[in-house]
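All chains are identified by letter, namely A, B, C and D, in their written order; residue positions are counted from 1 within each chain.
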Amino acid sequence: MKKFVNQPSAAVDDYVAGLVGAHREILEWDAENRVLQRREVPPRPKVGLVGGGGSGCEPTHSGFVGYGMLDAAAPGQIFTSPVPNQIVAATRRADSGKGVLHIIKNFTGEVMNFGMAQEILYFEDIDVAQVVVNDDVSIPDDGETAGRRGLGATVLVEKIAGAAAEEGRELSEVLALAQKVVSRSGTFAVGLSSCTPPARGKPVYQLAENEMDLGIGISGEPGRERVPMANAQEIARLMVDEVLSDLAPQEDAELLMLVNGMGATPHHELYLLAGELAAAAEAGGTRVTRQLVGNFVTSLDQAGAAVTFLELDQELTGLWDAPVQTAALRWGR
Amino acid sequence: MKMMTDKNLTKTDLEGWILDFAGQIIEQHLVLSDLDAASGDADHGSNMERGMSALLKSVPDWDEVATPGEFLKEVGLHIVSSVGGSSGALYGTIFLRMARAVGDAPSINAGLLSDAFEAAAQGVAERGKVKQGDKTMFDALAPSVQALKAKLTEKKSLSEALASAAAAAEAGRDATFDMVARKGKSSYARENSRGFIDPGATSVAMLIRSAARTLG
Amino acid sequence: MKKFVNQPSAAVDDYVAGLVGAHREILEWDAENRVLQRREVPPRPKVGLVGGGGSGCEPTHSGFVGYGMLDAAAPGQIFTSPVPNQIVAATRRADSGKGVLHIIKNFTGEVMNFGMAQEILYFEDIDVAQVVVNDDVSIPDDGETAGRRGLGATVLVEKIAGAAAEEGRELSEVLALAQKVVSRSGTFAVGLSSCTPPARGKPVYQLAENEMDLGIGISGEPGRERVPMANAQEIARLMVDEVLSDLAPQEDAELLMLVNGMGATPHHELYLLAGELAAAAEAGGTRVTRQLVGNFVTSLDQAGAAVTFLELDQELTGLWDAPVQTAALRWGR
Amino acid sequence: MKMMTDKNLTKTDLEGWILDFAGQIIEQHLVLSDLDAASGDADHGSNMERGMSALLKSVPDWDEVATPGEFLKEVGLHIVSSVGGSSGALYGTIFLRMARAVGDAPSINAGLLSDAFEAAAQGVAERGKVKQGDKTMFDALAPSVQALKAKLTEKKSLSEALASAAAAAEAGRDATFDMVARKGKSSYARENSRGFIDPGATSVAMLIRSAARTLG
């Protein structure tokens, strides 16, 4: 294993220290409760947004804490969802009287630990709502699995719900928007390598030099099927087909496209792929009117990429364009 | 070796059990993570190891803890707040439900222990929305509880009953080899999850084997 | 080789297509001249900024074209500097009557091709100045080599000179600022892997599993020396020592720190390393008052990281903080 | 085999040379990139291959090009505008300086060819700020020009002189093996650049060997 890491068991703490040090104007780390939170409490009450999940998927959620997105994040250990105590503390921090939205990626551990946190929070005077993000179209919706994973749509939910909260909307409206984003999003991911969790010190699995892994998630588990490597255009067509055949957007729909690297995929390859993905989507009649390209929902040092499409409408587009200032996403401020 | 009877387990007995289990986990955690690597995210061992190491450090300080119920609750809270992931919630549930079942009894007899294990299995089923055959820890836990109950109903000694429970857990663990996962991260691999033993079933089999070794 | 790529020979074109498609509001591709340029011509004359270099180092320079940084960029083939014709065309495009600054990374090919472009431009009515960025402290300044390479300081030069140009300053002032940034910057880079140029299809060289490569550049050539892998804190101390012993900032200096990934280094590791780098720098008495962490001056899919320190003063800090809106760097707008 | 005399090379002869060289480069480009991988950036072969493939495609359309000088200039401009990198500027300089040296002569005799090569070497020295021993293409080019001149001064045939030049270029190429690079990307490797043959010296030796084969 070759990584910039000290003690593997301290990987999350050491990362958070670096992140907070680099973004002091935005972030603060509550070490006791293990909560990453906005330095500045919002000037007037707003709906609070809390994200949480296993670490190793950065900048999700840590890099999205700040103006226009999350109020607090609860980072778990690598690939391990946070514990209920963290989620409870993050919720208390995020609450300014208008309630708190929990943004949960649909992974068993995350769902169960947020669930336990909600049992605890039941006894407190905080309105808590939850949205479960499950945009991964690679998992069939047949009840035979833990269900579709929460992948790239998480960023879109946090951005759009965050903008709505910043506007002062009520918890019910923010929740409805978050659910709308989930229901109008789909993601498909392709892995070109496995990844190496620091505590493990070796890759989770091996992919042959001529193989790619279709339908991967974000914590290193193997994907749906291994197929021979193809070129960018072929891969893009396959990915677009997987998402759009499931999402079935209106003809002529305006789409937001998130092209997401899994951690080790360089800028050059991601944008090259983005060009092919946009072309493939537009060949089907839709229009890609917003794009975000980069490593946003990652799986440590895995090579690979995912595409997320969100069927936009005027409201969603406006909230997407609204200002944001976090470690990993910034515009308009 | 133990000077107590079969029937009345104290907090100290339970402590012996948990310390033994913790030792096993710490020793075997790489194996557990490797099992999780086959179709999951390769961290079951490190999750459990982190929780058990923290527990070992903290147990000596639990001065207030006197009853078996208090001890089990403390273990459960400790796991919930240090492990994370699916196993944190599930193992936490196991011990918290056992604690609830034994209440403030000063010691636990065989019947109460059996009830406690049954409550634990029930808790896992609820928290995990899981049933037998889904290829999870429940496939080790459920048959072991059935075996324990059956042996005690047959008036066998606790020692014998626990040995039978451990064997049932291990058989349940081994039976996961041929199953296709329907819950947890392994379920994403669908057909490809077949041909591997479930890591959570493996650690639960260790838990019951530890119980047989230390409480029987 | 596993990459998102079509024909290796089309890697640059396909990348540019994706980049421009994702940032239509900022960028435009002059395919005939192979120049990437700002879509909007500045409303009033300003000094033009042109960057150019081998591709494979993205987002340098392509991702830095836009408000507050470059007016045009000339991307060469992978690891190959652009040809003079491209540089000439980029210069013409960037000129709005106040002259053009060429930002050249000190690599033989770049220096020679910009040199040939200047011979051609000599006959045109455009004031051309050039700054040669050579911040790589891993190369001894003994005349026995091609000289210090231009690495991370390129981003700082482009940002700071770009802000000065945007303010309406004259070419001589913009040049002086660029030179000031170069003279107050130093960079040291560490590789954890080699990289794979698409046309080559295999890694440039091999590093053993327990080795790291000290003093690497940005086009895959082997570094100064291979040493056993160390932990993040040890690596950070070594890197900081290399740069600060060369740069010798004033005691109590305020530093800008750029922590730059080589392409395949994930967010998690970069921020973790950033924390250690800042700690090591501050242990020496300086203060790290600005940070930028990410993959900015890359070498395809190489794993590794570089640190650049710039000794700030009030003027440089102000120009650094000024608004910027490019594909890869954005704040204040 | 050729029906011309030693002394008067036409544009067609030069075309034969360049097409031969281009063919060699295209055949050997992986070897050249591998040499560049040892201490450089592994692209010398792909750079040259790109330029030579483009050249091969474009040469048939050079209808206007009549004199040797025009041909050499066209080759130079073509390389400058298609290769990039160090070798683009340097090979471009080689041909542009040769073109300058031959001027508008309708054909090139041995003396003029030798002057043209000397101008080329001079051009590389200036553009690259390079001297012999720096472990670059100049270590193949400079001795080959010296050999060419020396043989012609000794009144040897152009054929013999070019053969000697090619041998000198190859010896110069091989001599780079033991050198430490002081120019170009390999120079960053310092001591570690020793023990490898310089890729640019290798392609230049191919250029001169081609000249010996086609012009001699």
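Note that contacts are C-beta pairs under 8 Å (C-beta built on N, C-alpha and C of every residue); 3 or more make two chains touch, one makes a residue touch a chain.
In this text, all values refer to a predicted model and were calculated from it rather than measured experimentally.
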Residual chain clusters - chain C taken out, nothing else repositioned: A, B | D
Farthest chain relative to chain D (centres taken as mean CA coordinates): B
Geometric centre distance via CA averages, chain D-chain B, whole Å: 76
Distance from the mean Cα position of chain D to that of chain C, given in whole angstrom: 33
Chain A and chain C: spacing of chain centres that average the CA atoms, whole Å: 29
Multi-chain contact sites of chain A, meaning residues that touch two or more partners: none
Touching two or more other chains - residues of chain D: none
Contacting chain pairs - touch in the sense defined above: A-B, A-C, C-D
Residue ranges of chain A touching chain C (in the complex, touch as defined): 2-7, 11, 14-15, 17-19, 21-23, 55-56, 58-59, 63, 192-193, 209, 212, 229, 231-233, 235, 259, 263-276, 278, 288, 291, 293, 295, 298, 300-301, 303, 305, 328, 330-333
Touch list for chain D against partner chain C, complex: 33, 37-43, 46-47, 50, 80-90, 92, 127-128, 181-190, 192
Of chain C, residues touching chain D in the complex: 9, 54, 76-85, 107-109, 112-113, 115-116, 138-139, 144-146, 149, 197, 199-200, 204-205, 215, 217, 219-224
